[in-house]
Amino acid sequence: MASKKSKSSKTTGSDSSIQDFLNEKGVTIQFPEICDSFPIQEITMSSCRVACPAGVNIKAYLGAITRGDFQRALEIVKETNPLPGICGRVCTHPCESECRRGEFEDPLAICALKRFIADYELKNGSKNIEPCKRTKKENVAIVGSGPAGLTSANDLVRMGYGVTIFEELPVAGGMLITGIPPYRLPRDIIQAEIDNIVKLGVELKTNTKVDNIDDLFKQGYKAVFLAIGAHEGLKLKVPGEDEYEGIVDCIKFLRKVNRGERDKPGERIIVIGGGNSAIDSARSALRLGCSEVYIVYRRSRKEMPANEDEIKEAEAEGVKINYLAAPVRIIGKDDKVTGMECTKMKLGEPDQSGRRRPIPIPSSEFVVEADTILSAISQKPYISCFKDCGIKITKWDTFEVNEKTLMTSKPGVFAGGDAVTGPSTVIDAIAAGHRAAHAIDRYICGKPLEKEKSPEIVQRELTPDTFSPERATRLKAKKIPIEKREDSFAEVELTLNEDEAVREAKRCLRCGPCVECIHCIKECEKRMFGISTDKGKELLMVHGLPKNIKLTEEVSAMLNVKGKVAAEVRIEPIVSEVSEEMCRGCGQCESVCNYSAIKVEEKEDGLRIAHVDAAICKGCGTCASVCPTGASHLSLFKSKDIEKELEGFFG
Amino acid sequence: MAKNFIPKIVAFCCNWSTAPVVNKAVESDAQFPPNIKIVKLMCGGMVTLAFILKAFELGADGVFVATCRVEDCHYVTGARRAVDVCDNTKKLIDMLGFEPGRFKLGRFSSLEHKVFEKAINEFIGVIKKMGPSPIKVQRRTTASTSR
Amino acid sequence: MISLKSAIKNSKAYLCLECGKCTSVCPVSKFNKGFSPRVLVNRTLRYSENDILTNKNIWACLTCAMCDLRCPADIAYIDLTQATRLEAQKLGEEAICSHGGAAQAMMRIMTATNLQQKRMDWVDNDLKVAEKGEVLYFVGCLPHFDILFSDKGVHTIRNAKSSVKILNYLGITPAVMPQERCCGHDLLWSGDMENFKKLAEYNINEIKKTGAKKVVFSCPEGYRTFKIDYPKYFDVDFEVQHITELLRDAINEGKLKFREIDKVITFQDPCRLGRHLGIYDAPRKVLSSIQKLKLTEMQRSKKRAVCCGVSAWMNCSFYSKRIQMLRLKEAKETGAELFVLSCPKCEIHFNCAMKEEEARDDIKIPTEQLVTFVADALT
Amino acid sequence: MPQDDLRIGVFVCDCGTNIAGSVDTDALVEEARKMDNVVCSIKNRYTCAEPGQQEIKKAIKEHKLNRVVVASCSPRMHEPTFRGCVSEAGLNPYLVDMANIREQCSWVHMGDREAATKKAGDTIKAYVARARYLEPQEEKEIAVKQSALIIGGGVAGIQAALDLADAGYKVTLVEKEPSLGGLMAQLDKTYPTMDCSI
Amino acid sequence: MMDVGRHPNINLLTYSEVESISGYIGNFHVKVRKKARYVYENECTACGDCTKVCPVIVPDEFQQGFSSRKAIYIAFPQAVPSSYLINMDNCLGTNPIACGKCAEKCEKKCIDYDMKDESVKFDVGVVIVATGMDVFDPTPLDEYGYTKYENVITSMEFERLISAGGPSDGHFIRLTDSKRPETVGFIQCVGSRSEKYGNPYCSNICCMNTIKDTLLLKDHYPDIEAKVFYIDIRAFGKGFEDLFRRSKEAGITYIRGIPGEIFEDPKTRNLKVMVEDTTANKIEEHEFDMFVLSVGVTPRFDMPEVQQLLTLSKTSDGFFMEAHPKLKPVDAPTSGVFFAGCAEAPKDVKDSVTQASAAAARAETVLSAGKVKLEAITSTINTDLCRFCAVCAKGCPFNAISVNPKKKTISYVEALCKGCGTCSADCQFNAITMKHFTDEQIIAQIDAYLEEDPYSKVILFTCNWCSYAGADTCGLARLQYPPNQRLIRTMCSGRVDEKFVLHAFKNGAPMVVVSGCHYADCHYIDANRQTQKRVEKLWDKFERLGIRPERLLLEWISAAEGQRFAKIMRDNEELRKKVTKKEIEHTIKVLTEEEEKKKAKKK
């Protein structure tokens, strides 16, 4: 029994270990009072959370929003995403495509809600952020202050490491600053979020270029994270590319624009490519006063990697898009570009990425006139300086890393973000940051580096349990009118207001299991928790405060009983319950309750019945002891359970 | 028999004072007597006649009820209630033919694990002198099938 | 399970016509719409044993035998229930015991043969009892209930005192056993055959030792158990008699003299004495021989009497309360000043209900046990 | 005591294949022939059919049989047939008996020809033994009074009385009550026609 | 009814009782007592003047006591014979004449206070029993409060209340306030299908009667509400289902469930019931102005008298037993006696009439033949050997034998004998010979069977009507069983003498089976009870002699139970295999010794 504990078992009791443990054992948690979730059937996460590369606990923060607890929502987001304001604006939000409401109407505006809570913080002033306690003597160097770098810095500093970010440019933010135009991502937002991370105790060295990794190790850094991004545009590789002036790499173009230069690149612009950079470039060009902006993309709109919304906005602003066309040759005159010959394409079989491969249609060439061509086909990292550090480089000029651990071929050197994957999304970069931080931590502590595999989406069907019959239209954030956008780099999309945010968050079907917030354990000081199996039959449990809940021993003791390895476990508050069928309304419970938590109420037939107010009940169980019929009982302390305990003792 | 006799004791303990006391006692002292079943209750007020009788029925040689000190009760009046219940119980188990010493009520604060340990050891000593519960002998052969 | 099959056979449950008369007269069904003796019988017949044995409703029955009385197919429903419970108990099924199972625990404790009980404190100096004798008075659980239910204002031990007083009046010095055990009625009806048998065997042996030829009961449950259940399993070579029968005989022989009592009373027929054993007239004869005493009958009396709502300390519930209220109202409506009862449990249950509903006048009626009433009336 | 000049005839029936299919009837004929007092033993394909009956009649005359045992089917089926048959040949009908070697032998032991034949042989032997003690019996006749008594004057009594009276018999109807009608007279209407009862 | 009164061939004796019947088929001697009516039946013109002056008022039986009649009265206006009578129990008396008002008033002077009961004697060839039935009295079912609550009536009372000739002139009224009820409840199966109250059988007519009643109600008062509480509605006859449908169409509610108790509201005198609607598993409460108990029918109270007169037997339900339930449903086991109507079983009007005609036809077959042949299979009694112990007379199911042990006389009516042979088996002195199934014949059969290889054979005594037929049925179905059985046919299992069984065992039989009809099926009323007694006696004897009683089996097998027959044969073959040779030899020895002892004793 309790007195024969083995000292060796885990006693950390920290949230994550509890959850890890529970997950491992196939145990899930339900806390009806706080999250009115469904009983948990299997261990799954909601599909949105699974879809999120960073694993943001979306349902949880949506739940917090519905309760109007925006601060808590922010905390939940920040647990996994240190850049909510940024993500709330530029995230490609794969979560929304997985949203189960999307299966019958518009998905939730998760991204907009995230932005809302981030902006809420900005507007109302963030809580004073205290620097994290330094608990570990090791230092980590992070090269690059883009989202990947910032995320890993954030995680590592919270773990107690000393973290230094080296940034080549004078401002931190990487591609966030240089690549994304301010009308989508205002600079103050980026700054604020970086500031928040810095406040945690991260050292940020701008204007510092890192050339030699070994130097960093010499300076005492135990690990290095290369998050240098992909800032070098790829060549078009068509005839004429190098002959004429007026062919610009869009990254360079955007960097200039984003730095505040407002020079018009030309009048008629062609942007080649279909990604967000292409759209950003095109829309920026319009804002710079270019009269005509074309986008040439070799596949159809369906395959276009840019955000659907962005494409729509671009079209609305006047960008013309030529689908199914690919450049063949640059045409110029007098060293100046005058146009581009394209060929029409058709879509063939899908390729590895699942998109249908474009095939040129013979003799379908046509010419588009232009004076500037912005190439936005892809980028790669500036990697040359690391080539001789003993780090392996792929044939695409990216770092070669272990996919799971992100460690490069050089021990202690990790790499992530665009520098590994090539140009990708902010949220992927954040995810890489997390992974890197986790791996670095384990590397420094000398633990094996492997990380658990990412969970799969188990439930994809709309089950009646999760289907809310009430339909509600997705709220669209307001935008500034198109006519005002010309020559303005002001932010286009506006934040939701509070009412809107709550209304939108309420559309959440709360699918999947509980919010997994373990808020219950953290918040509840008044009550204690016990864990019981489904019907409370196979008893287990814990009577004690969450901190000394010693879940692991107790649960494992229980779980090892009779092969019950994957028992379903709930966390329930200890309160009195009254069975209506058994209660004869004698009122004895009422008379002994010191808290007036149990009251005898009159029924239609004039006779009475006891009723417990669970919110007031403190769980002393005195009512149960005076109840003559056994109608009143304390959860987890039922007479039957105690009798069983006794019988077990006497064998 | 008497020499090797290790009494089986059931102790009903309040969660707030005596359960931590028990925990502490268990942790601090390996000498804590074996064959004691600590039944944790949320409050001394939860103790019922039925639990105590049940323990005797199953063959307990002694039953100990440990609550907070009356003035310290976490739930205001629980410890006081336990006194009333125990008074009634005493009368009944006396009538049923158990020696009065087999049942005891003790009160402890959450720091008094030494006191608790002492009380328990004393209680065990008393019971050792008395010998096994009168119903124990035949219980042993029949309890398993009767329930 | 062969025994459930034989129970079906013995109770003739297979003859069920499904007419529903049982349900329509069942006091439990009247309030608990989910309870139907008819459904239970048919589940027993049709579905697997597990179906019926794990059915919670088998414990809800009061075994008041109202259904037995009305069943046109003459099915012994309560016998079937008893057998079903015995089987269910083997599967580990149990009723919800009232008072946390204290009563049952007490009874099981009593199965220990070497207990030295101290249960004779109630014998006052003016009562004459002996260790041996031709007539034995079986006290039953009265001393224990006295401790358990004094707070309800029910002092059951007075029954024992009055019974002995009456016997002394008749010139009988009854034997009373200091090591008497519970009769086992409640254990039997809650499915614990093993402990019931232990108690029964002990009691029969003890009684043999006293040399008693006749055992007198004031408790109807003990009487039924000795009269019907004991002989099923053991040789019972003594006569058993309820004290009202003894009183009736004494009155017929002119041995009892009462003072006048100018009162209007009504009388509750306990299920065990009434429908189980068919004794309706003896208590009435006793009461009617007290001069000036007026007995008014309730709307439902004698074999139609309504049960006090709980049996064998099981399943006291929402529905029990309603049955008790119904019965108390009926008693009150007769205009009687006193509600005379002849089972200690009836008294406990009715007083419990009255205490719970102290604010209501329509159910308030003083109660008294027949034996104490009669003992007081003796001149 | 059996009479002295017993002359028993045994007639074994094949019943097509019903008996011959699972019983060796030839052996039975031979076996029967060896029994005491048996003066003739004959096999027929269908003893109950006209040729079979003729055979019996012929044998009675030829062999002066005074007892006949037919080993064939159940007497519940053909006893009246053979009683008629022997009485036509001038024998008292009670002097014939039947050994059942079909329903209780060939049909129920179809898999064991030897045992079935043995059982059939035993049966014939037993019935031959019994036949030795058969006596001629006379059926008595009594004259019937041409009148009827009907007890009860309810609807049934009335109807029966009228039927018999209409057929020309004298009927006495006795009713306990002062009037005819019985229970029915008290009914208002009767189902299913819903008309008046009286 | 009128036709009967008028018919030249019918001699109508009302207010009369049969006192005795003797004789047998073709020659029954009947004695009838004609009770005094005190009014000359043939002279009374039914003018009714007498009634007007009669001072005595008593409840009217015909109207179920709802109205009154005088001491001089006519049963009902259409009565046959249409004549008044005086009920002397009611009449103020004639000696000394206290009243005499009616006689004064009667113009035809046909009232005669001195009239005496008359005895009439005559002979008949056949008897038809049409004694009818009684209606169940629900008073003992206290749960329905009949007689306690006035508004609870029986279906017979309903008939009078709704009848135009009834006490309320056809106005259906509540008895407590004479108001027309708005809601009426009917409870079915009152006194029927009950092991406890009334009778276990279905009374056959009550369902249809209630359906008819509800339709009558709706005919009279279309707005009346009626609910019928039933267990099963048995509407199986021609046109019945249609009627049931009409009733439902008319708006009658049928609820499957029987109320447990009726409560009366003391103020409104309305009736409340709780009932479980068993189709919906719901407990409901209903309130009615009036309740009609659909009472069942019972055998007539005076059946035992008729039973004695004619030596009839009853089935377990109390009605007369027919010779065969399917093949001779109209014939009594006593020859020349036939059943018509409800004497045999509860019936409605149509079935009663049908059976009456059938009985008449059956009677005619006897009458028109002019003579009856008696089966030759009867017993003969050798009075020289008879010791007048009367065991045979007690056992005879047909009372064919009567013995006066004191006077040492025995009389035997062969015409009454049906040939079961119980008497012969009973007789210890070989005084009774069962013709065609004599002791010699049966012993010869046993000997023949056991001559060779006796240890392998089971001797089986089967009664002609059930077990032998059962063996035939088994054969017809080609059900196989082991070939070790040797069957001996007797007319009844009652013929199986103890000595046959002993003889078989003495000759080496490992097992003997005695089998007959099931109790109620016995072709000879109850002769098989004698079989049972005898076998039990043998078992006791075997026990005493150290022979395993299991070797003697007693089995009841009906003609339809071929399958059971085969099973029993297979089972007893198993048992036979367990009987050892040593055991058989021991048996033979013991029985031989026993017999010799007996012989020695006799000498």
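As written, the chains take the letters A, B, C, D and E, and residue 1 is the first residue of each chain.
One rule holds for everything that comes next: a residue touches a chain if its C-beta (ideal position, glycine included) is under 8 Å from a C-beta of that chain, and two chains touch if they have at least 3 such contacts.
Here the structure is a predicted model, which means the values were calculated and not measured.
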Shared interface partners, meaning chains that touch chain C and chain D: E
Which chains, if any, touch chain A and chain C both? B
Greatest centre-to-centre gap (Cα means) from chain A is with chain D
Distance-to-centre winner among chains (Cα means, whole assembly as reference): C
Considering only C-beta pairs in contact, identify the chain pair with the most of them. D-E
Of all other chains, the one whose Cα centre sits farthest from chain B: D
Using mean C-alpha positions as chain centres, tell me how far chain B is from chain E in Å, no decimals. 74
What whole-number Å value describes the gap between the mean CA coordinates of chain A and chain E? 91
Could you please state the distance in Å, as a whole number, between where the Cα atoms of chain A are centred and where those of chain B are centred? 54
Touching at least 2 other chains, the residues of chain A are 625, 639, 643
Among all residues of chain B, those touching at least two other chains are 48, 50-51, 54
For chain C, what residues touch not just one other chain but two or more? 97, 99-101
All touching chain pairs, where touch follows the definition stated at the start: A-B, A-C, B-C, C-E, D-E
Give every residue of chain A touching chain B within the complex, in rising order. 1-3, 543, 574, 592, 594, 618-622, 624-625, 634, 637, 639, 642-643, 645-647, 649-651
Chain C residues touching chain E - in the complex, by the definition given at the top: 12, 15, 17-26, 29-30, 33, 36, 38-39, 70-74, 299, 303-304
Considering only the defined contacts, which chain C positions touch chain B in the complex? 97, 99-102, 105-106, 108-119, 121, 143-144, 147-148, 192, 194-195
Counting only contacts in the complex, chain D reaches chain E at residues 2, 74-77, 94, 100, 102-105, 107-112, 115-116, 118-119, 122-123, 125-130, 132-135, 137-194, 197-198
Please give the residue numbers of chain C that touch chain A in the complex, ascending. 32, 96-101, 315-322, 325, 352-353, 355-357
